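The following pair of complexes shares a single chain, subunit A, combined with subunit B in the former and subunit C in the latter.
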Partner chain A sequence: MAEKEFEGHNHMLKNLGIDIGAHDQLMQGLQPMFREVFLSQKNRPKAMSYFDFRMSEIHGCRIRELSEHKEKGGKVIGAFCLYVPEEIVLAAGGMMVGLCAGADIGGPEAEQYLPRNICPLIRSSLGMKLSRLCPYFELADLVVGETTCDGKKKAWEIFQDLIPLHVMHLPAMKGTKAQELWLEEMIKFKEKVEEITGNEIDAAGLKEAIARVNRRRAILKRLNETRKISPTPISGKDALLVTQLGFSDDIEQFLEGAETLRQELEQRVRNSQGAIDAAMPRLMVSGCPMVLPNWKIHHIVETNGGAVVCEEACTGQRYFRDPVEESDGKLDNQLRVLSDRYLKLDCACFTPNDDRINNIIDLAQQYRVDGVIYNILQFCTTYAVEFYRVEKALKGIGVPVLRVETDYSQEDIGPLTNRLEAFLEMIRKTH
Partner chain B sequence: MAEKEFEGHNHMLKNLGIDIGAHDQLMQGLQPMFREVFLSQKNRPKAMSYFDFRMSEIHGCRIRELSEHKEKGGKVIGAFCLYVPEEIVLAAGGMMVGLCAGADIGGPEAEQYLPRNICPLIRSSLGMKLSRLCPYFELADLVVGETTCDGKKKAWEIFQDLIPLHVMHLPAMKGTKAQELWLEEMIKFKEKVEEITGNEIDAAGLKEAIARVNRRRAILKRLNETRKISPTPISGKDALLVTQLGFSDDIEQFLEGAETLRQELEQRVRNSQGAIDAAMPRLMVSGCPMVLPNWKIHHIVETNGGAVVCEEACTGQRYFRDPVEESDGKLDNQLRVLSDRYLKLDCACFTPNDDRINNIIDLAQQYRVDGVIYNILQFCTTYAVEFYRVEKALKGIGVPVLRVETDYSQEDIGPLTNRLEAFLEMIRKTH
Partner chain C sequence: MLVAGCDVGSTSGKVVILQDGKIVAHSIVPNDPLSDVTAKNAMEKALKGKNVTMNDINLTIGTGYGRVDIPFAKKIVTEIACHGKGAFWNNNKARTVIDIGGQDAKVIKIDKHGVVKDFVLNDKCAAGTGKFLETMARILDVKLEEMGKISLKAKEIVEISSQCSVFAESEVISLIAEKKDPIDILAGINHSVANRLVSMLYRIGIEEDVVISGGVAKNIGVVKMIEDKIKTKIPTYTTDPQLFGALGAALFAQQELGG
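Right, the complex of A and B next:
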């Protein structure tokens, strides 16, 4: 990035209330990390350059675009979770972004409010807000929470003193009454978004918004299909980065970048050109979301002779697997279709959660994985306990699984690497 | 207990499938602990003898009574949580008991299924079941779970492979749709209990059951009222034991024992006869439930110059505070009244949870406490995060609060004692 442009960004960030000194430090740490994790890879698809650029501008150009949107009277809505329907925001002319929650930053600030044994995602998000390091938080006209897990559910009671907040009540079990409750939450959210944006949502607008988000789902799904082939034409790290950027990028620009990548990957498949040697064990990473800039497990695996070919996570298959039906007709009906689709998501916060177990088995087979890394963010009880059923199901089809529990710090890199190396070694030997 | 009777109990326990060797060890550890914690107290109310006896027979006579009930065709239903309506069970001629979950037992067995960082209550309950140490588990024709917290919600997926299970879906927020959902859960539970017991529930039976459970609430509430007086006529430990026994004891016998105690305590109040010196700081213990035989914090406080005069917990005020309205009329209406009353409970699993904050302030003032000990069972996220609002509210009325996080082990007794001593000392100095 040119120095002048950088200074311009800093001026903008300062106006947003960002702590520029601390933010510079954060960015200066991120750049060499990005070079090491991504740019040092061999056989990268050329089309990754778009995503590299968008990543480098995630607190630059992207913030400028959102600021310009706001200057024209548009609104920005921030969220942390797949259960918050972006379609509603887009239909009201708003933009939705994922908020910063993936770095080991602001921990001491967050621990003034939160217990120490809380998941790193929640600690990071509160820490980012308290340290004034996340421009998305500062831009957001509304932050949308949900009751997916105990940590987030209760942390909103702290956030509500810091930001304009709306909490969606996600049920814990599925069924008719839960559907009704969730539909009501969808309607309340629509009303809140209409109030914030000043724009009424109509059937035509919602239909168009559903189609837009579906296009992003479709291209991500198609991109990921190429990873079923051996050798995989894209590294797990790159595929993860693409998905992660989906949560913050402008949809149209993202679609263009992703379409170019799709063409290149499909060409690679036709040429049997791999990003990672076909002899390497093929792995699925299943479990907790990996929010930018969390690439820890993928990086360890892929610098130790493995290839990640599938992410069973909110920052993976769950994000793009199922499109929303593009139904015609009245707004009421569209909202019900949208609501039912969102409730079908198979986060570990539900009980029972057979859909996720079945989906993991299905993905393991479709992506022909040699093993599964079950990734738990520390203190994430729902994913941690659900491991019991996942392990049992994977045993049933003879796929080995390694449970790892980690956070955003670099402190456990040593032991984590040892465990992942041993797992890869075990897979190689049994092949 | 006479040796012959003891052997008779062991015969019965063995028939239930209890691991007698391990159970004997458990009981042999419990007896000296009970002597130290309870029987060594000075100025105890004489009427505590009933509760001492019932405690000593908790895996003896009480199991025999439940077994006899079963021999006559009655059913026993086990639960862990205040949200499971005992009235429904009683109305169908069943008996409800709280399951074992309060001792540091079965940890290694439980950790084969559960993550290490899970609350001790859940670990203990699964450990008790796997180690075959809890006769209540073995007697239960049905265990009833609920979706109160992530740990329990997901642990049922493990329990369902071990026991006959029914899970109630408790919403995370309150409101009209949540009330409808919870009413449906109440009806489903009623149907399940009818199926298990073979008895249909009618309006007259439910009305009577509501009155019975209300009588237990009323006597506990009245007993606890005497603790508002200084000197308190009963120690915190004894008051806690009485409440704890409410979850397993036969209602009619319990009412008799509690009535005798009430008369004695009210007489003590008239005579200004205290169980603990009036000069001692008066404390409220607020937070996670303390299930038998967990008396850890109360014991440390009361052997270090403090008096616990109120428990703001499921094993305290929340258990008996609000009676269920004894409405006439149709069963439908009764179920709605019952359902609405249960949903009003103010467990930290709800968000927002203003009722609890307001209630804590109210109790702190009514019981004229000098300080609050905020008790968190390790890894209990909901109570841990809610501390933020509780602390803020207590600061507002000038009541000091100490946050402690502990489990069922004895390992932290030293540092915990130091912290509680320092807190008591601080209170004494500022008076």
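Right, the complex of A and C next:
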């Protein structure tokens, strides 16, 4: 990045209220990490350059684009979770972004408010806000929370004093009553977004928004399909990065970058050209979300002779698996269709959650994985408890599974590497 | 054919040298802050007084937490596979291997060829490991290697409720102040380690024979308590259980060379 441009970004970030000194430190740490994790990979698809660029500009160009959108009167809405319907935001002329929550930053600040034993994602999100390091937080005209887990539910009560907040009530069980409740929440959210943006949402606008988000889902789904092939044409790390960037990037630019990548990957498949040797064991990482810049497990696996070919996570299949049915119907009907689609998501916060178990088995077979790494963010009760049934189901079809529990710190890299290496040794034998 | 295994763990370095499938030399040395120094010390000690030198060894495989820093190891294998292999060499009916090392505890399941089928390890924390016992031995002023034997004389088991070494330390100090018999406290400490391991055993499922390796295998108190809980006899072998990891690495080296 040119020096001048960098200074320009800093000026912009400062105006947003970002703590420039600490932010510079964060970015200086991120650059060598990105080089080590991504740029050092061999046989990378050329089309990854778009995503490398967008990553390097995640607190630069992208913030500028969003600022320009705001200068023209547009609104930015931030969220943490897949249950928040982006379509509604887009239909009202707004932009939605995923908020920073993936780095071990702002811990001491966050711990003034939060207990020590809380999941790293919640701790990081509050830490980012309190230490003024996430420009997305500062840009957001509204942050949307949801009642997915106990930690988040209670954290919103703290967040509400720091930012304009809207919380969506997600039921804990599925069924007709839940559908009604969730539809009601969808309508309330629509009204809130209309109030913030000053724009009324109509059937045509929502239809167009649904189609736009579906296009992103479709391209991600298609990209990921190529990973079913051996050798996989793209590393797990790169595929994860693409998905992660989907949460912050501009949809149209993202679609263009992803389309170029799709063509290259499909060409690679035709030429049997792999990013990772076909002899390496194929792994699925299943469990908690891996939010930027959390690449910990993928990086350890892929530097120790494994290939991650599937993510069963919110930053993976769950993000793009189910499109929203596109219809010409009235607004009421469209909202119902939208609401039903979102309620189909199989987050571990639901009980019972057989859909997730079935999906995992299905993915393990479709992606022909040799093993599953079950990834639990420390203190994430729902995913940790659900492991029991996931393990049982996977063992039932003869797929070995390793449970790892970790956070964003680097202190457990040694033991974590050790068990991942041992797991790879173990599945290589039966490979 | 001469092969070696070198296991640099969190608290000690171990070397086993095999000649045509027989252990001809071995060593255990305390850790140096630098893993490569620990490895060299262990190798030197093993070779001392023997008729062979480093150059005579056809292949050395490294294992343990310091495995990447062993200068003379041509290959590395994780200690999970090595402990499984080492235990299987001692008893080919072994299917479940408990390994309690300096900073981790694990249970490994192996198949009828000694190959790892499944395993569980303790997470981040060092509760229920050698480090925990070391800290407790220091407070109670007993030798680490005598903790097991002494604890067998206990009249009752004083329960230690903290799993964390730091909190358990203050708990034990209060128990001493309450004039509890130190022997009973020792039994409580061993009991706490045994409990951790038993829950890991239950998680993964117990399949006989059960074998125990690692430094803590020498603590008869812990071993007996595990035996009582799982109602299964854990046999002992002539090979020092602390050497199972290095032995496994040496066996991998032998296998690598076609032996």
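Some observations on this one:
Definition applied: the second predicted complex is superposed on the first by the 431 of 431 C-alpha atoms of A that agree within 3 Å, B and C clash if a C-alpha of one lies under 4 Å from a C-alpha of the other, contacts with A are read in each partner's own complex, and residues count from 1 in each chain.
In this section, contacts are C-beta pairs under 8 Å (C-beta built on N, C-alpha and C of every residue); 3 or more make two chains touch, one makes a residue touch a chain.
On a predicted model such as this, the values are computed, not experimentally measured, just so you know.
In the overlay built on the shared chain, the residue A:Ala218 is in contact with neither subunit B nor subunit C.
Residue contacts after overlaying the shared chain place A:Glu421 against subunit C, while subunit B stays out of touching range. By the touch criterion defined above, A:Glu405 lies against subunit B and subunit C together after alignment on the C-alpha atoms of chain A.
Touched residues of subunit A were counted for both subunit B and subunit C, and B has more of them. Of the residues of subunit A, those at positions 405 touch subunit B in one of the two structures and subunit C in the other. Subunit A contributes residues 400, 405, 411-412, 414-415, 418-419, 421-422, 425-426, 429 to its touches with subunit C in the complex. Here subunit B touches subunit A in the complex through residues 113-115, 117-118, 147, 149-151, 153-158, 167, 169-173, 175, 177-178, 180-181, 184, 348-349, 351-353, 376, 378-379, 381-382, 384-389, 405, going by the rule given at the top. Within the complex formed with subunit A, the residues of subunit C that make contact are 65, 77-81, 104, 115-119, 121, 123-124.
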